[in-house]
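The following pair of complexes shares a single chain, chain A, combined with chain B in the former and chain C in the latter.
What follows is the complex of A and B.
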């Protein structure tokens, strides 16, 4: 799985691509954990290139949210397509995350 | 410092080590220098190292390009210490501490983009190994026969060892016996593709670890080339009858450890004092030799891989046993209800679970799906199931029961594992159903007339996700004959060969035809449908279904 990474001001944008399933999610988990361990305080997860996310992938999002507990929101999700949104919704997780439509809004919120 | 220990990295030659025992040493391109470096930009007599009392100095001998000590141009004789880097033209001398050899680490020096010495011969190793190769002349035939004898001997010798260490040792042993180098090393590829030196050996009297240039190793390992390097100035020097005290005079042969599966690494041999430098016949012999070694190394790796896989298989079996051992196979028998459940585990072992518990006039139902797969998921599943059994029947409501199970699961849950679950409690006397959906697929209700509809109601976060969450329940009265179907997403997300999902639509149409079928038949029928649909496509997720029909009061 390819995972994009970009620093914008004081925030880090992580953008996984493709399928986030039980195999590839370990890669995403390792990256997110290492960045948070290294002291990252403001994280944007851009999911616009994610085609599918399994429960193992949701676990990584949840773990990141737990480790970066707001408010103000230290973790913001953005770029969610309808299928990813449905998975989050069905697991009852949507209310647990700060969600924005695009990367710009997410960055504005995570900085706020 | 009594003697001076140098690691020399000439521009146009292979790196080597040298210990200066005399009081002074002149370094240059000319054969009149004490140490000759293959670097065409070097002056004939470029620099001098000398000892005064117990201290070593370096001075430039008026060279064209001057001499640098740690990147500073030398003005006057300057003291050198271990760790210092002396640069002459495009070659480097590194002063080493004999008690603490420089961390050359993998025995590789230089960057991957450095050029190879001009005298390097590279040949495709696979070409040598081609079976169509035939001897053209009698001389070649004799050579070929001799080589085959050597190979036969090597094959037989390598058959015995069962550990990697012993095998590598024996490979070097045979290489030294047949090719007579002064030093040799075997480099192996790690799981991440990077090379490390797995074994090395030196003839008696040689000091320091053998060094090889990264660029050469890359050529051999990545491109499968056999390499032969000889110092181009060697013949001239022999002709001039100069005594070859020390120099980059050295010839080297290297061959990839190649088999039909790819390249495992390489073996390299170096010679300084060998009566004659290595030639193409040595290179050919080493290529054949290396292929025999590669075969044995591959077999050894496969044996280890098999042992590891067997261990992993046992672990998966264990996970499977944990999972299946937790699931009830017998269900409460009461006249008001007909209940059955089954779980078809995936090969990779997921974390599905179900439970049915009767307590007085009430029957508790649970179907869940743990995030992730493997032993971790199986254990989390076992914990969830145990908590449900212990806490649910005593709770005043389904919402309260889920709240308690959640509290236990969310506590110290660093890895943020969670389990989506659908839990319900049926009053068998009244048909009142209270249920909580914790991030799970909705349960279906099938009425006596074949109408199929999901139970609505609030959706809560999955269990374990949010500490202290207050769970919201739904309540609905069942009518006599109503059938409930609880399931996990392994049912609707099962895929066939063309990647199509079983989907909720197929599930609904199946349920519509379930009419008055018994709960066990409903469950078995559904699992059979899913299996038929998937065909030969491997089952990726556990598939679980639980069916309950309420026959009604006084049934």
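What follows is the complex of A and C.
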């Protein structure tokens, strides 16, 4: 799986591409954990290039949200297409996350 | 074009096997011009089912164990239908018997896990489990229409 990364100011944007399934989600998890362990506090997950996400990927999102809870840390999701949004909705996950439409709004929000 | 297109394959009970199965589903649906906008629920559900089978049912048997798949596309109906049957010879286990996680819990209390089959139930039109000839047999079926929650 290709995972894009871009640093914008004090925030890091992580953008996985393709399927976030039970196999590829371990790659995403490894990357997110390593960035948080390295001290990253403001994370944007841009999901605009994700084809679909299964529960293994949701677990990575949940783990990241738990670890980045409360100021000054923050996690914001953006770029959700219908498939990603539907899975989060069906799982009852949408209320658990800060969600913005695009990357610019997400960056504004994650900076507080 | 034949109205019904099928693909049978066996994959090892490993991560590579899961990847191969998901790739095969994509190849089959794409070869008939079906958009990912309508096929993704089947992909998510197949991933959930295979992850359960590989990580639990056949755990520890590695590359020796295999999972048999039968994918079937019916293009003779409107909308087209996709059916996937997943067969494994692990211990008897009905994934539909797993209780649903409590969606009312907040982010701190939300357990990690237990979500997969809840999603499959909501994404598929039909899910059937059967223990036959010493094997678990799970059948998933969905009409390929766009879906939004």
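Basically, the second predicted complex is superposed on the first by the 109 of 112 C-alpha atoms of A that agree within 3 Å, B and C clash if a C-alpha of one lies under 4 Å from a C-alpha of the other, contacts with A are read in each partner's own complex, and residues count from 1 in each chain.
By definition in this document, a residue touches a chain if its C-beta (ideal position, glycine included) is under 8 Å from a C-beta of that chain, and two chains touch if they have at least 3 such contacts.
Since the structure is predicted, the reported quantities are computational estimates derived from the model, not experimental observations.
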Checklist entry - Following superposition onto chain A, is the placement of chain B relative to chain C best described as a clash or a fit? => result clash
Checklist entry - Where does A:96 make contact in the superposed view: on chain B (first), on chain C (second), on both, or on neither? => result both
Checklist entry - With the two structures laid over each other on chain A, which partner does A:55 touch: chain B (first), chain C (second), both, or neither? => result both
Checklist entry - Does chain B (first) or chain C (second) touch A:66, or do both, or does neither? => result both
Checklist entry - Now for A:86: first (chain B), second (chain C), both, or neither, which partner does it touch? => result second
Item to check | Contacts of A:22 with chain B and chain C, given as first, second, both or neither | outcome: both
Next on the checklist: Between chain B and chain C, which one contacts more residues of chain A in the superposed model?
Outcome noted: C
Next on the checklist: Which partner chains sit in contact with A:31 here, chain B, chain C, both or neither? Use first/second/both/neither.
Outcome noted: neither
Next on the checklist: A:3 in the overlay: touching chain B, chain C, both, or neither? Say first, second, both or neither.
Outcome noted: neither
Checklist entry - Thinking only about the overlay and not a real complex, which stretch of chain B clashes with chain C: 129-137, 147-155 or 417-425? => result 417-425
Checklist entry - Can you list the residues of chain A that touch chain B in one structure and chain C in the other? => result 22, 55-56, 58-59, 62-63, 66, 89-92, 96
Checklist entry - Quick one: in the complex, what on chain C touches chain A? => result 15, 18-19, 22, 36-37, 40-41, 43-44, 47-48, 50-51, 55, 103-104, 106-108, 110, 112-113, 115-116, 118-119, 122-123, 146-149
Item to check | Footprint of chain A on chain B - complex, ascending | outcome: 348, 369-373, 414-418, 420, 437-441, 459-462, 465-466
Next on the checklist: Per the contact definition, I'd like the list of chain A residues that touch chain B in the complex.
Outcome noted: 22, 25, 55-56, 58-60, 62-63, 66, 89-93, 95-96
Next on the checklist: Please output the residues of chain A touching chain C within their complex, sorted ascending.
Outcome noted: 19, 21-23, 51-56, 58-59, 62-63, 65-66, 69, 82-83, 85-87, 89-92, 96
